[in-house]
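For reference, chains read A, B, C and D in written order, and residue numbers begin at 1 within each chain.
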């Protein structure tokens, strides 16, 4: 099952600067060969369900290993059986509607 | 790794009434022997990481099998290495602070 | 516009114990006379859109006043125009389907 | 109070194609003069708390006006009192850590 995920890992109990933990999670995704895109409030990930959720678990393990005693993570998970759709196609679809504007007025 | 999860599965493309899909997800959790508690905007689940995420995957599979062509799910995931904490202890902790009130003024 | 919200306020940079901040948010909801229900990973709130979001803002203000330099909050927001539905009705609807089981097999 | 928000509006009961509703929400943000960035699973928004949440409410109103009888929205909300931080700075901070790599090994 193909999945598009939005992942936001928040380490708790390590102060206000959490960038290095987020960076390590990016490395986990890279090591696993997943397609991903960082944004200002999380990371979009695209891949097979099991691979993506293995990566999410590794992120938690890695962030705990780095010293964070507590983590709270938000995940959005999208699956569909009607057709394949990539992360880029989702963005293009909205932008396409905006540029033609035909359905928007 | 022990995890507390909040799960909210939203089937898309099946009309406005989604209760029967949510009910089936409750059944998945029950079948897997997980501890869970339904609330008005999701379900709290407590258990081992792998068991809980296997259940989440089965929920997606089940809801697709029921005919939903698209699903978007929100998950919150909490892990901690400093100590064990159950769902009930989280609630009791906040309610305890509220009833004594000593830290609240 | 009537809204059902699920609110989870996470103070960052104040250590691992966040119960007292959550308790203060419960007090904000109580002070504003909103209907709410704490669960293990957030709080369900029911009310008018403007009242509920005024409460959410006050929670952020209160938690910052308590000393948290950074907050990340997750909110789920449900609105519907087809009919009124309370938090309790959402729960009863799923439990009703589970007890009759007629739609579940 | 300055806020960075991640917004994901999901219309329910209008079929599987929700792109046109998302596009209208982009228009709302544009009309209000907010800084925003679409990604594959939501939209990052940056601005004053009241402006951003006025926009979120207008998105719900607009999507209902377009015919969606039910909406479920996920919002992440970040505020901080220790310093100002823009959406781009959050991304640059993580990418900077990744390129130097000094903190990552």
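Criterion: a contact is a pair of C-beta atoms (placed from the backbone, for glycine too) under 8 Å apart; a residue touches a chain by one contact, two chains touch by 3 or more.
This one's a predicted model, so the numbers in the text were calculated from it and none came from an experiment.
When you average the Cα atoms of each chain and compare centres, the chain farthest from chain B turns out to be D. By count of C-beta pairs in contact, A-D exceeds the other of the chain pairs A-C and A-D. Chain A and chain D have centres, each the mean of its CA atoms, that are 15 Å apart.
A separation of 19 Å divides the Cα centre of chain A from that of chain B. Centre to centre, using the average C-alpha position, chain A and chain C are separated by 24 Å. Counting partner chains per residue, chain D has residues 13, 16, 69-70, 72, 74, 76, 78, 80, 82 touching two or more of them. Here chain A touches chain B in the complex through residues 1, 13, 49, 53, 56-57, 60-61, 64, 69-82, going by the rule given at the top. Within the complex formed with chain A, the residues of chain D that make contact are 4-6, 8, 16, 19-20, 22-24, 26-27, 37-42, 44, 46, 74, 76, 78, 80, 82, 87-88, 90-91, 93-95, 97-98, 103-104. Every residue of chain C that touches chain A in the complex is listed here, in rising order: 10, 12-13, 15-16, 18, 69-70, 72, 74.
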